[in-house]
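Pasting the structures here.
Next come two complexes, and both contain subunit A; in the first it sits with subunit B, in the second with subunit C.
Let's look at the complex of A and B:
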């Protein structure tokens, strides 16, 4: 059979869709694109029909990858092809396109979601009168009702769709509807009905269900058990379901794939959280806390679980070269952009360069993805073990308290995705006796608005006199029972969530008097799930101080950098001195030329970098430190090992992380920026700024910080001390509260 | 053509074959000219989706002339059964044509069972179709049987099985 034979094309399409259903999204997308792009002559006589199905299927795959606009474009193209199809199929095909459009328009994670248009497409489907499309419309309306909490409608429509789908020989689709019926009945409080519906669904899933089906069904079972107060059994099912979800995440080797997948999974974690919390008491608290932490930073956890895998070692040199060349192109374009005059930058030449920059960035991302996919090291990264917060509390070094946040609902309160407003913030913490505690603060819409406004204000150049965290939010973020039970002087490890990420909780004012930083030494961590994954470190003695006063990217000069590096050299050279290497990279130089190539940074226990940083909001994977004419990019850190080093970045805004990238607006709860690769590389603590640092106060802060580190202070204590020193000399909090320490506390040797 | 389109509309809407359409086909089976006309109309309605009808002659091989065994009872609608002609009395080539047509009939029954919601029943029929295709050693029928099994797996969302059946179909055609 020739490759352009209709049956071959159909096989290839179905194979691609089967792989898609198994979670191989990029592979499916590549294959469908190959088939669509094949020269028309290769598709034979049935080209229009084949193309119609290919476009329809690719739209499905794109939708699941959150590539909404491209999915809609494929549907438009599919619709154009319908006129050339056999008359008998045209109405059915139009109905199928309307259904696919309705799914996109009705998805709250889609920034372009349009409920009115979604309903219009639904009406088109129903008007077509096809039985199978009628089921699809029932199914979609059931989902919409489910999201709106209209349990009765959701259950009734799901039941009707399931019965009709069974009647027409679509058992898998029917089982999915029955599972949703079970969930809706649970929402309505009809536990027996829910159990019957779930049993019916499981009769199919147990034999033919995908891992995702089974995980989801197991979680519904957990919810049923929880509703019957069989909390231990429910917890057992929940752990089983979460383990299945974790193993599914394991299949994805590229971050963007995980994010699209996780968007859905966060809802499941929210359900698991409710099941866990329902147990009540310390048990419920610890279980819910564990679920909350498991729902954050999947990717970083997965990477750290595979910390022993040298990801760039042994990869195909050609792929690695392509990746490095893409990085060089980015550097060149960045530098060209920097050299443009302001007028040119805002005019045609600048726009052209920016467009080329985006192309180059995409090329680099493609090169990295190809590298990740081709290299089995990335694909076989280990699945993180199950997190038990109770066990981690027992293992915490003395003097530390823990505090975690979790926004109830979908999407963790992230800026996009989820679709529901976060209104309840769960706060977990340990008191002076290391006992787990839990409280909930209720956020009114105006509180959330205030929080969002603060987050927006605390980016870029923050005015000297700016209010950092409004006092009105203080008691919502640090409720009195929290403040009253964590002993003053403790070190506090904070795991923020959603809207609280990057917020300087250390700058929250308590009781209209103190900043939180005045009471505790605060350090942050993307998730407590990183605690059991932290590698035992043995940071070497040498100290690397590297900086750049004037880079080759056209950034403004940083005249304080040479002095800052000299001052820190003095600090570290005082007896008992530690070996110090200081490099000032000239405008046309590079770290390599200065003898400080990134590959050698692993030989230092303290790394201080003072230069301009760049974290393009729409290209967070291109975050970089600008040293001379070259950039040290976040991806460079995947190739090195930092053995417990403390990293201080005296560069603008590099403590931030992105909440989206290109067309993938939903990034779940991942810290995409420089922290992620540095922590992966093995940094014990990263101290970076979350907004543009003030130059002179930054130099003071760094001197104080390094002096404290030199005398052996824990990084959290050192940051607190440096903040305190800076605050005493410069009386505006924007000058010191930008410094944000992130890392895993070091325990006594052998503990971690 | 409008008459046929009218008869097929309920099929398109509900996925179930309307009795009137079935009667029309059954009647036409005794009248090759009418059957041919219906097939032509159907082809026009289905456009490029219509499978080109298989020419049985193309698949017949005389081999050593050995006759076939009747392993499954003939369908009641089969003219041999209706006329009481024993299968063994036929020559090898006529036996082959009969078994080929029987495969087509069973495939249609399997597809109808699937659309009527009897997915397990359809699977059993398509597995039988594989055996029937093996018996007369027609790779194309074997491949089509596997493709139908892939359709069953697709409806069950059993993706591993989908891939496996599609691979078998591909291999069957490649071996032809």
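Let's look at the complex of A and C:
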């Protein structure tokens, strides 16, 4: 129960802020929210003062969690409370609120940053006349200069602010200013000055610094050492800093909150990447490659590390019911929408239904987040270990080459990242002797424009005769040194990044002659950091084939589906036969009614689903397979365990993943859609389509794919063979390049 | 067959009419094949018919403009309204309202893009 007298509230607030200082951001937020939401007795100015501090402190925590809009709302509320405070106190409080606002408005990672308003708040701070706020204004101006790359001004202001803050007894704030001074001096090339400033900051941080302070300071130390060519020492500092950042990032069990927290942290990983690469040679290559892969798919990695925890086990039945009911409401609204005529759908009735659908989706997302938040073990029971790409290379099964991409800068160029414009693409790969290699391709603005145009085209309906990846981009994505050193016929495991996500690299044309898929069997993986997290799998023998010719959502019939399922049944029934279960779900049926409820899918080693698919770009966890009158949704897979199953989704666009979900900062590198929950559930490989699959070619492709799987081909080889077969019958890449496999390669026992 | 355009129908013209249209299109110069196609996308999906041609049928702007104009005539001739021709670049031409000049402009833009995207690669010939 929350306290209701001002002194106790104040004490509880300070306790919550102490947790924040320890890096326990989700916990501190939960505690402050509990205090704010609790109905407290109104005891006049003292109560209002306690509430003011609660709002101001929660705004600080929210700002550090990069939840800027919520922080601004708290500051508005704090400002409203100021009027009821003692008059002498009011000016100081207004200055504090202005300072907090200015920090948010001047933060370049904030999509709502507003430099003009930031300067306005800065002027308010300066007018307040309080010495401590004068320091805060210097600090803020130093930040702005730092972000503008004006190193001299940034360093001078940071130094002045630090000295004043120290004089007034604010050592923590002074240390932060000194760290920024060190960074600014480093930017100017004054390594000695940077080291002196950092040493001064660390005298405080080493004793009292928060985990974030320590991580950041350690990384600055690494950069200083790197500038002095002490690469090994720099690397040790980098590893220490990244471990600290990782630890903070992995504290979040709610995906959207973690992704928000990550927004500005990727810049730190980019700095670590530069330190690692500076070592040069194979050492620098392997270190930088490891950092690049560590900076992708944080949530997916921690989910897999905690793969033994099922989201829906042991949770509050009321929360689970709310989640399930929200899913049922979505199904009902989807079906109603499907029954509307085209005119009605595009008119007011459709718009109303779509608005209700979005409300229901938000309700479901809230219910899902509440499940994630309520389970203390969810995504947090184990923290992923540190990735060492060199170690993983040694453990790769024979016949595989690895290739990773990393856009230099922040955000990987993902549309949602708010990062700088990428221009340099780092390509890491292993050659025929498993040696690590590295090259960089320089992207001109027109190349990036072409890449974006290509990505836009490869969404939704892709015309049958479309050129998929502009040939001009071929050598930038697959440079000649890459193509020349990976033996033909190899399996290639590709970890894309940012703007290369969902691009069919297997459809890149090499030397104006052939598609990449003609040379290698290409499989994708969100990050190589998933390799050490792969579970030992023992996929069961039974095969599940489930599909729907005519669903209850008003979608067009799919006459190819029954034949596709029958053909696959024949394939798997050939000696040595595997037990096959085939279900064709009728329009008003459900997988449950057919005896194939999702909860039982874990009993199959091969899962094939053929039906209409839907992946709403802004609602990735609502991605669905439409089977009869119900949808199997992406989030349903959080509740099942698949023991190394191969999953083939013969439906539209379900291989896509979100690049931004509604108002949340969701990074493309998390593969949020069906891939994330299926990989978490334990699928060994997911084969899905990244754009709308043509129905008849889909049936052909799947028949060839399953025939290859049946004869024991590795999924990557099986996909390549099926692509080749489909291409020989339908010579247009749009009809076969939409299919791609995602997953961790399986190898001989003891290797992986 | 090296070039494919797609005719998209907002509502189902009926299988009989589509078969007849397919027959009509066979007489076009360079015709290499046609068929209906459907995707596995949820929601209101357009019914589509792909029409394939030999490379030279659509290789030049003038030839492509003439061929696309004839496709439009055949579609209109079957009393189908609201259909569009989709070029491989994704550009759509309204059969009901596009003038020969409009078609020529869109085809010219497509040819420029084609040269930029796939000067020599597979399928580009």
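As a working rule, the second predicted complex is superposed on the first by the 593 of 752 C-alpha atoms of A that agree within 3 Å, B and C clash if a C-alpha of one lies under 4 Å from a C-alpha of the other, contacts with A are read in each partner's own complex, and residues count from 1 in each chain.
Keep this in mind: a contact is a pair of C-beta atoms (placed from the backbone, for glycine too) under 8 Å apart; a residue touches a chain by one contact, two chains touch by 3 or more.
None of the values given here were measured: they were computed from a predicted structure.
Contact with subunit C, but none with subunit B, is seen for A:733 once the two complexes are overlaid on the shared chain.
Of the two partner chains placed by the overlay, only subunit B lies in contact with A:18; subunit C stays clear of it. Residue contacts after overlaying the shared chain place A:132 against subunit B, while subunit C stays out of touching range.
In the superposition on chain A, contact of A:282 is made with neither subunit B nor subunit C.
After overlaying the two complexes on the shared chain, residue contacts for A:87 are found with subunit B alone; subunit C is out of touch.
Of the two partner chains, subunit C is the only one touched by A:467; subunit B is not.
Taking subunit A as the reference chain, the count of touched residues is higher for C when subunit B and subunit C are set side by side.
Touch criterion met: A:650 reaches subunit C, while subunit B stays clear of it. The contact sets of subunit A with subunit B and with subunit C never meet. Residues of subunit A touching subunit B in their complex: 1, 7-8, 11, 14-15, 18-19, 21-22, 45-46, 48-49, 85-89, 91-92, 129-132, 166-173, 204, 207-210, 213.
Those residues of subunit B that touch subunit A in the shared complex are 5, 8, 12-15, 45-50, 113-119, 122, 143, 147, 150, 154-160, 162-163, 166, 169-170, 173-174.
Chain contact summary for the complex, subunit A toward subunit C: residues 334, 338, 342, 345, 450, 457, 460-467, 470-472, 474, 509, 512-515, 553-556, 558, 610-614, 624, 626, 650-653, 689, 692-696, 698, 731-733. Across the complex, subunit A is touched by residues 1, 3-6, 10-11, 37-47, 50, 52, 86-90, 114, 116-124 of subunit C.
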